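Before I ask anything, here is the structure I am working with.
We just call them A, B, C, D and E in the order they show up, numbering each chain from 1.
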Amino acid sequence: MLIGKVVGFVVSTRKCEELVGNKFMIVEPLKTMNTEKRIVAVDKVGAGIGELVLVAQGSAARVGTSNDRAPIDAAIVGIVDAGQNLDLE
Amino acid sequence: MLIGKVVGFVVSTRKCEELVGNKFMIVEPLKTMNTEKRIVAVDKVGAGIGELVLVAQGSAARVGTSNDRAPIDAAIVGIVDAGQNLDLE
Amino acid sequence: MLIGKVVGFVVSTRKCEELVGNKFMIVEPLKTMNTEKRIVAVDKVGAGIGELVLVAQGSAARVGTSNDRAPIDAAIVGIVDAGQNLDLE
Amino acid sequence: MLIGKVVGFVVSTRKCEELVGNKFMIVEPLKTMNTEKRIVAVDKVGAGIGELVLVAQGSAARVGTSNDRAPIDAAIVGIVDAGQNLDLE
Amino acid sequence: MLIGKVVGFVVSTRKCEELVGNKFMIVEPLKTMNTEKRIVAVDKVGAGIGELVLVAQGSAARVGTSNDRAPIDAAIVGIVDAGQNLDLE
């Protein structure tokens, strides 16, 4: 997973049917993370702009949810409250 | 997912049977995106050259569609209409 | 998927049993592609050295084929005949 | 897999239900590894801060465990005791 | 897949139960390969230090083997004997 900040969102009216009802957030990873630049992730936890979040990528974005048939490759799976050595920048 | 612009397409006559009927678009990601350079994605939403699109990669490209048995690792799953902090370039 | 040129091949006598009968081609992606350097891909369409091809990566390499039980993470799934804005280099 | 050092952890109270009970460690890969910067990995072996660990990424993080329905894309699957040519840095 | 040289190995006593019995080799990809730096791969073919090998990554590492329930994301699936345009470095 990666830690990043929610910096924006995307609106898509014409999209695959299975994506209807999802919110697409733009996440900027922390500079210390291996994923270096922005990704678009489906929000599963009610994250808002400016919040620090945990993002799962790949098939992980579709497990344990009602989204297992949606073409999704990234999801916000947690809000980061605290931590040790987060190196926020 | 990533946000990118459709910049071209690919024609392939000799291809795996399961790929027949698909359109292969060349997508250039926005400069702010983690996927930095072009990928070829199957079009699921009727995207045209020049349109801004949402692309899912990996196994996500095959779920929720009639393409679940096609060797596809990227798909255009939405047209981007608007957003906040898209940083279009 | 990515577009690349077949530039060589690999011979492996001692290999996993499920790989027997496959041809392992070395593919050099176009400079505009996100996958920047060479990968080894199993040939599913009879591609020859010097041909421009479409390559699927990840689990996509194993679907819709007789290779679904082979440890393969990349496959040549089409020969590129033409296109718009291919930016061949 | 990659070899890295556990350098911190993340606390997330508001998260996907399937993630409850997991520990999210921040792992810094060795400089010689292909994954260059930090990732967040679920701990499956009781790793502590400062320990050298083996991390599996992608769907591998969910197999062979009780986490097969959790949105996890990286897991600490072993503690590294020794090796040859580890190039610790 | 990628072509690389086996340059070392890792010993892990405390590890996930499903990993018991596997050998974890450190593989350095050829400089021409897209995977640029080292990865740790489970050996399925009896590769030795210094040998040139073919490595499959992702879910491919777990198919067609007795390892389908082990948290493995890379595997040595063949020994490279010869080839054309290998660009060994």
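We take it that a contact is a pair of C-beta atoms (placed from the backbone, for glycine too) under 8 Å apart; a residue touches a chain by one contact, two chains touch by 3 or more.
Predicted, not measured: the structure shown is a model, and the values here were computed from it.
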item: Touching chain A and also chain E, the following chains; value: D
item: Separation of chain D from chain B in steps, with touching chains one step apart; value: 2
item: Separation of chain A from chain B, taking each centre as the mean of its C-alpha atoms, in whole Å; value: 19
item: Separation of mean Cα positions, chain E and chain B [Å, integer]; value: 31
item: Where chain B touches two or more other chains at once, by residue number; value: 36, 58-59, 61
item: Ring path (origin chain C; first step to chain E); value: C, E, D, A, B
item: List of chain E residues in touch with chain D within their complex; value: 7-19, 24, 26, 29, 35-41, 49, 58-59, 61-62, 68-74
item: Contact set on chain C toward chain B in their complex; value: 1-3, 30, 32-34, 36, 44-46, 54, 56-61, 63-65, 75, 77-87
